[in-house]
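Each of the two complexes below includes chain A, the first together with chain B, the second together with chain C.
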Partner chain A sequence: MDRSISAKHVITQNATLVAAVAIIIAAGIAFDNFFTVVNLSNIFRQASMIGIMAIGSSFVILTGGIDLSAGSLFGFAAVMCGIVDAFCPNPFVMGLIAILTCAGFGALNGFCVTKLRIPPFIVTLAMMSGVQGLGLIITEGGNTLPITAEGFTNIATGTIGSVINDKGLEVGVVPVPAIIMIVGFVIAVIVSKYTTFGRNCYAVGGNEDAAIMKGISVNRTKFLAYLMSGICCGIAGIIVAARTRGGQITVGDGYEMDVIASVVLGGTLLSGGQGKVLNSMWGALIITMIGNIINLNSDVISYLWEGTITGILLLVILVAQSKMQSNKLGAR
Partner chain B sequence: MENDVNASLLQIQELSNKALKRSEFAKKYGALIVFAILIIFNLIVTPGFVDSSTVWNLIIHTTTTLVVAMGMTFVIATAGIDISVGSTMALTAVVTATLLPMLGMAVSIMIGLALGAGIGLLIGTLTVKFKIQPMVLTLALMIALRSIARMVSNAKTVNIADEGFIGLSVNYIGGTVPVQLIYVVVIAIVFYIIATRTVFGKSVEAIGNNPSAARLSGIKADKNTIMVYVLLGILSALAGCLAIARTMNCNPSSVGSGMEMDAIAAVVIGGTSMMGGKPRILGTVIGCFIITLITTTVNMNGIPSEWSMVFKAAIIILAVYIQSEKKIKVRQSKIKPIASKEV
Partner chain C sequence: MSEEKRVLLEMRDICKSFIGVNALKGVDLVVREGEVHALEGENGAGKSVLIKILTGIYQKDAGTIRFDGKEVNFTSPAQAQEAGIRPIYQELTICPMLSVAENMFMGNEIKKRGLIDWRATYKRAEEILQSVNLNIDVRQPMGQLSAAMQQMVAIAMAVSLDAKLIIMDEATSSLDDKEVQSLLNIVKELQKKNIAIIFITHRMNEIYEVCERCTVLKDGEFIGCYDLDKLPKLELISKMVGRDASTIVNFKKQYNSDIESNEVICEFKNVAQGLRLKNIEFELKKGEVLGFAGLLGSGRTETGEVLFGIRKYTGSITVKGKEVHYANAGQAMKDNIVLCPEERKRDAIFPDMSIEDNITIPIMNKISRLGFIDRKKQAELVDKYIQMLKIKTPNKEQLIKFLSGGNQQKCIIARAMCCDPEIIILDEPTRGIDVGAKYEIEMLIQDIAKSGISVIMISSILEELERDCDRVVIMREGIVVGELLHEDITEENIIHTISEAHTN
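Coming up: the complex of A and B.
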């Protein structure tokens, strides 16, 4: 009996991971082109961008806020890479400036939320449109800025380790962006569990008044969360710039919704204070896999289904989550 | 001794009353002030701004946002939110446009409105019965409904040939005054009356202020919350019809895209709090006009249209900042400390 409870506990605690594994197994059985090294490494490569942004968004959402500007910041980082590339084609400098710019926007978000006391939804909504507008102005209406810096594309296309596939060609196994994402999540898990900042995020999101009375600096915690979200968008933006070899602002259109959806799929509550950062990674993987499966089998499923399937899956998970919540409350 | 304490308490009360009045004033007139500044700016700077066609254009471009924002005001007043309105518009519009040649204007519009009401009913029921946060719920629907809308027409643009239907949005009264003027005036008056003079409007305000208190005082909170979403669903469908009647075709990928953001921004600029509370209909009307006016200003001055996005961002932040709850500044010198005397 004891064991059955703990097994149930493990499943409910890691529902997103279970769902991700279930999708992998089901897709692997149903579609023979899914379970290949190239495809799996592609999924990780694609998921890494949403995943990295989801790290920052998880912290923001844990504090009870929301970041709608992620997609625009992501695109703007790519544009910054393109701008810097024009006069200083050095991958390190390009990356640094892109990250610093996004950190600046993140700080501006944090400033408006904490000091000006404007609701986060409105601040980041305005930032989404403002930053996109700026990007369009800089690129003169959404042109792609070419990137020629040597070695820059390795950030996105590089791999570690290789296998020989059935055609006798050597293919890479672990893509660099996936490593960046996993390292990011390891750091994020440590930060959320073992640092004052991480614990403060839960406290602020759980009950802001109680957090103030405990002497937690609510403003500082929120500010840092938005700053972090900006930095994460910067990193993800560098990857997309390296992947597409160009800086384009519109590349991030609609990404903020994918990011929020991955965090929500990961079981983090939008009211703040509850959730696990690591689960956002499984959420990002699920979202990417749905798109990937549909792309691979476009002769069977029309690409038009992608949104429907993602949306309905989200709905089902939300209803299940609310059921679990009410069961928990009922048990008490 | 006691008198002293009472006197200082009275002073504090007076100060906080003043602060309350100030914040009420800012909420009521903040949007109006920003709108006035924009108008004055335009009168001075923009060439050819003083012209009846400017006003008519402003009204034509505001109508769809206004229709959605009216419903959004009530939703936000109950402390909810709906970011699926753009996708609801797309789905109902594409269904209406597809049925139009077969069933005629009246029936297909009715089906569109009923579909919108159904979507609202779904959102309301799931929010109330399953306690799912409206933000994530409507996020899921935003993704799903847009995709379904594109499936309905196989991602193709549906052309509209029905003269009567197009007349909904491109008729002119007496040759110059757009028919939208009537919509804007009627809708603003009707919803102002609903918000201020009906039990429903007052219930919405009570639910937004304190849902449990509202429930305890006998207000059917669940029913009213569902009603609010149904109302928004119907209005979104109506906005969808007006939008496609104006463009004379229906592209399910672009109808209503970004509408959720414009509508929410208009409501918040208008002074309705995102934490729930009083639905400020007139504020929302002005908020809608502010958003359109920014675009108009940028276009009429020949500035690249991308700048309007940046200005929009700055003005939204400014307008909401004017209304945000400031901390009550109690000057120490004005009030004698009470704590030391209480002992």
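Coming up: the complex of A and C.
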């Protein structure tokens, strides 16, 4: 009896992971080209960018805010890599400047939300279109800035460990971006659970007035969350630049929605104050897998269906989640 | 102990104005060590501004504050808390989704090597709660505790942090009698530990039970500081409302035998709902004020909600002679039943809408033509109720959130009235409302009943039921345990009926 309750508890607590595993198993059974080393490591490589941005967005959303500028910042980081590459083709310098730039935008978001008291939705919406516009000006209408720096592409294409596939070729197993994402999530989990900043995010999002009364600096907490979101976008932007060997502003168009969807799929409430940061990673994997499965089977399903199917699946998963939540709380 | 206790807090000549409005005009507040000091006044008297200055949320414009022997000027809540001033607010201080332990240590986390040490946090939280005899699971979300429990957790926490002065602002307003009693007992315990308490409440009995002295404010002015054993309750209320209060305090509804022979407008037979209601039976007569008494969780609110169609039930309910099965509030309202909920802020008001729209929202359809609201008709209606209910507001376009609790409640009653109700259910109609407005609302209830409307009045304030009701139904744990009529309705009889049911 006790065991069954605790098993149910584990499932409701980790609903997103359960959904992700279910999709992997179902897809593995249904499509034989899904469960291959190449494809799985591809999924992780793709998911890493959304996942890394979802780390920052998780904290922003926990505070009750939202970051709509993630996609633009992501694209702009790639553009920055391209700009720096032109006069200083050093991966470290390129990465550092890209991250600092995005950190600056994130800080600006934070400043507007806290000091100017503008709603996060408006601030980051303005930032989204402002940064994208800036990127278009710099790249003269959205051209791709070529990247030639030696070793830079390893950030995206490098792997650790390898196996021989059925064609006798050596293929990598764990892509570097996935490692970056996982390390990022490990840090994020520790921050969210064991640091004052992390807990303050929950407190601020849960009840801002209570946080003020307890002497928590609400502004500092929110500012740090937006700053962090900016930095995460920078890191993800470097990966996409390395992956495409170029900096293009439009590469992140619409990504902010995938990022937010990942966080929400992870069970974090958009109203703030509740959620587990790690679950955003499973959310990112689910989003990526849906696209991947459709792409793999383009002979059966037209790629045109991707948006519709993603939408329906998101809805189904979220409805299931909220059902589980209300069962847990006991309906009135 | 004949010698005067040491003065802990001395606020002198405190002034504060907001954009041209003088909120405080030279107010004094002197609290001694180990004293329970009541701070009283109607809404808008300046109590909360004074407290916010003391706790560092607002800055004073003029005056001096001395605390614990030093002149202080707190510029943030953190500074005030560090000095030993711990406010306990009714609603503001919890994050419902975080655990009890986490709420307790928020802003003051226990850390090991820079990271939060959860094991130590839980252990310490348990110790603190046990020190005031609270045995609860500190890992459960704070939101799962009752309001009373949350208060006690907050108090336990304040004590553990070496509080010298605890401020309890409306701490008892949402508690039932039993919970209030245990809270007051804790207050007495604190007093023994030489902790001073500023106690703010609208309930006069509580003041006289635990407080020694009382500072009264009115309209931002300092009226005086009194020893309560030399100031009868009636005089205190008179000072607060600024006029002789004897007529309102001594009111008792006249016995009217006609009502008993009135037709039955609503009848409950064998009504049950899950574990909350069991076999509820009562009759409601036309023009009657029927009170519902009982402790929190006795099923009073649920009974009202069943009648209003927002709670599922089994059994039979008859309204105006025909059996009804309301599936939602809309159906109940079609039969002219309205309800004013107990959580006014959460369930009744639309804070950012005008009082005009707030009052007429349920009848928008009736005052519309081709889907457009007839603004003229709306204005006429609203003006009528503002006058009738004496709602104090500069104009009817004012946002309801800027009104005092009492005036908000009047708007909610006006909203009910404009539906032309035959049955009106009032759940805790005077909660969180200051003395003056409270009596006005009680008089209003009499007027409503006189006009032939049946009133169901759910209240945890027994003296209110004693004053206003023709008949009182007493509930306990989902069962009707007794009924009192007219002269028999007294606080003692109600308490007696409840406790008797307990022993059986």
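Here, the second predicted complex is superposed on the first by the 323 of 332 C-alpha atoms of A that agree within 3 Å, B and C clash if a C-alpha of one lies under 4 Å from a C-alpha of the other, contacts with A are read in each partner's own complex, and residues count from 1 in each chain.
Definition applied: a residue touches a chain if its C-beta (ideal position, glycine included) is under 8 Å from a C-beta of that chain, and two chains touch if they have at least 3 such contacts.
Remember, predicted model here, so these are calculated numbers, not experimental data.
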Side-by-side fit of chain B and chain C on chain A, or clash: clash
First, second, both or neither for A:A210, with chain B first and chain C second: second
Which of chain B and chain C A:L136 touches, first, second, both or neither: first
Which superposed partner A:L315 touches (first chain B, second chain C, both, neither): first
Comparing the two partners chain B and chain C, which touches a greater set of residues in chain A: B
First (chain B), second (chain C), both or neither touched by A:A107: neither
Which superposed partner A:K193 touches (first chain B, second chain C, both, neither): second
Clash-bearing segment of chain C, relative to chain B, as chosen among 150-158, 348-356 or 438-446: 348-356
Residues on chain A engaged by chain C in the complex (per definition of touch): 190, 193-196, 199, 202-203, 206-207, 209-216, 273-274
Contact footprint of chain A on chain C as seen in their complex: 76-78, 81, 87, 89, 92-98, 102, 106-109, 111, 114-116, 118
Chain A - residues contacting chain B, complex: 66, 112, 116-119, 121-123, 125-130, 132-134, 136-137, 141, 257, 260-261, 264, 269-271, 302, 304-308, 310-312, 314-315, 318-319, 321-323, 325-326
Residues of chain B defined as touching chain A within the complex: 81, 126, 130-133, 135-137, 139-148, 150-151, 154-155, 261, 264-265, 268, 274-275, 304, 306-310, 312-314, 316-317, 320-321, 324-326
